[in-house]
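Below are two complexes that have subunit A in common, paired first with subunit B and then with subunit C.
For the complex of A and B:
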């Protein structure tokens, strides 16, 4: 099997497990929407403030809950599965690529639903022509966050406090993604160029992809 | 007197000389006495960047060579980087309270990104603490140490990327934007605090080696009974 065949197979298996387990759809997504609902209740009935804070709340909740999507149960291989992959001669870089691919599909879907919920619940004042650039920013942020989560998930695999520790690692490292994603809309509202922010997102995604592929073998050994 | 002790004593003297320069240099007309804080604030953060750079280098070297020394260096340097980042943030906040009227200002991108960088390395140290097996600890932290350093350029360039309260560097390739006496005081402190980092790094490595020697050679009561490893307990 070629590298991409292996990666696609891993992605397919991951998505199938996720369909059965339903972590993202049944637990993380509803929890994130509840968080979107709770925030205005804590703020009080100040419609202009809620509308103004909508995009910021979207990115905050998107990144924080997005980490849970990246660290979902389906992406946490047990020792037996890891051994099986090794015996099958699976390329560790293909495993990273496949896992990032399946995670990105889930993450982009998760962020897209969250965006729709934010628009409905917060009614933010969005600039004309926002869907295209915001969607590109959302896709690039989702890919980067998934790559970061996959790296952190592998580094913390098998540890007792894996979820908390991986979140601590991902949250601060996601800073370029938060900045790139949020500034895309901000720049659009100010009628300024969005290209530098999209480039920041692309550069971060590429850097993480290179790091993930280059460190795939040590990652594989680290997660045993 | 052993070598580490000599290093620490000379570092203390160097920092004393640096502080003398800081307190005798002329002050900024608008900021008054508080401008002296900058003489230690900027060097603290330069050393933090240096320390995290050393951690990244040691991490990459561990991945290549897989020798214990590189792991020790990465850990020691990350610990010092965290300490110097806290010191840099604290001095910056004291200066900000005096000059801007508030310790924390969201208009300063450098401040916020530096705080985030601090937590990247707090996570690195937490990962080390959470991994009981030394070989696994070295491997995992080397991977994170090599990736985490991407945060450093983001912090450095944040003053160019955003509209921010924080000033751009005062020492540039085309010259310095401050009087000569102030520049000399700042440079002396840069040297003194860099030397302090080097001395503390050597001391920390000395302690780490001593800890390992105890772990390897020291026989303890109950050594004949081998307890199960954490990972084995978890698998059950």
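For the complex of A and C:
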């Protein structure tokens, strides 16, 4: 079976499991939206401040809860399943690619819903034609965050307290994604160019993809 | 490498394994020929599971040498032969959120196998009526039968069984026996470990005893 066939099979089953378990849809997303709702209460009735802070709150909550989306696979990844995959001849790089793929679908959906909720609740001041560029930034950020979470899950596989450790790895390494994603929105609001920030996101995504594929086998072997 | 027993599926020479700074296995030397069934008996904590994981190439030897299906343990040679190894461990290797049939479909797709082999395999293991049941709603015996069906589909050359008969009814035990017979009949080999030497004696051509990480030949 080819690399991509294996990766697509992993992604397909992962999405099927998410449809049944609903980690993202039923647990993480509602809590994130509640966090968006609660935040303005701290700002009082200053509507202009609420509108100004909308993009920042979106990214703060998006990254915080997005990390949970990115790390959900690591939390469910048992030794028996990893062993089974090894003995079925699954290429660890294909597993990384498959999990990044399914995770990205969920992450982008999560961030998209959160963005819509932010626009409704905060009414940020965005120029006409913002959805296209913002969506591109959101997709690139979502892919990068998922790759980072999947990679962190592999790095911490087999360790005790792996979920906590994985979060600590993801948080600082997500910095280029946070900067790229937030500056895309900021630049749009200021009517400045967003290309440098999109390029930063693309470069980060590519670097994480290369690292994930190249390190998948050594990390899997080291986890035993 | 010094190991020269041509054709043997398993050759270990003074192999040892340490985990977490503790020596689990040491000085293991034995070979398993094609179509041979080897039983390894030992009490809890004697290193039986680690031995099977070593043979499954899932842990590396810290000392000595070993070859499994011609691949040197602890090297990249083991990656391509892993798909020829079937391991039935303590905990059934199934994905809890899927149904029994979906587990088989997933495994079959990952090996690039023929999905039409799933129904016959389910019938053989007696799960054709219950195949759509979720793993979490299935009994331990049903999960073991699902593993047996998967092994029927993947047809491993080396079958490793870890206390595979415990907790199973007579029908399921006969199924595992049939799996052993089929593997041996196809020229494969089987290593089974158990704390119950008597039941190994009934099934294995040769039984060894594992105690505190060291092996002795019993019969």
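To be clear about the criterion, the second predicted complex is superposed on the first by the 215 of 224 C-alpha atoms of A that agree within 3 Å, B and C clash if a C-alpha of one lies under 4 Å from a C-alpha of the other, contacts with A are read in each partner's own complex, and residues count from 1 in each chain.
The rule is simple: a contact is a pair of C-beta atoms (placed from the backbone, for glycine too) under 8 Å apart; a residue touches a chain by one contact, two chains touch by 3 or more.
Being a predicted model, the structure only gives us computed values, none of them experimental.
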item	value
Clash-or-fit label for the pair subunit B, subunit C on subunit A	fit
First (subunit B), second (subunit C), both or neither touched by A:168	first
Touched partner set for A:210, first subunit B, second subunit C, both or neither	neither
First, second, both or neither for A:38, with subunit B first and subunit C second	neither
Inter-centroid angle subunit B-subunit A-subunit C after superposition on A [Cα, multiple of 10°]	90
Subunit B versus subunit C as contact partner of A:222, first or second or both or neither	first
First, second, both or neither for A:83, with subunit B first and subunit C second	second
CA minimum distance (subunit B, subunit C), superposed complexes, angstrom	5
Where subunit A meets both subunit C and subunit B, residue numbers	221, 224
Residue ranges of subunit A touching subunit B (in the complex, touch as defined)	79, 151, 155-156, 158-161, 165, 168-169, 171-173, 175-176, 179, 196, 204, 207-208, 211, 215, 218-219, 221-222, 224
Complex contacts: residues of subunit B adjacent to subunit A	63, 113, 116-117, 119-120, 122-124, 126-127, 130-131, 136, 139-140, 142-144, 146-148, 150-151, 154, 161, 230-231, 234-235
For the subunit C and subunit A complex, residues of the former touching the latter	56-60, 79-80, 82-83, 85-87, 89, 91-93, 95, 97-98, 102, 106-107, 109-112, 154
In the complex, subunit A residues that touch subunit C	1, 5-6, 9-10, 13, 16-17, 20-21, 80-81, 83-90, 217, 221, 224
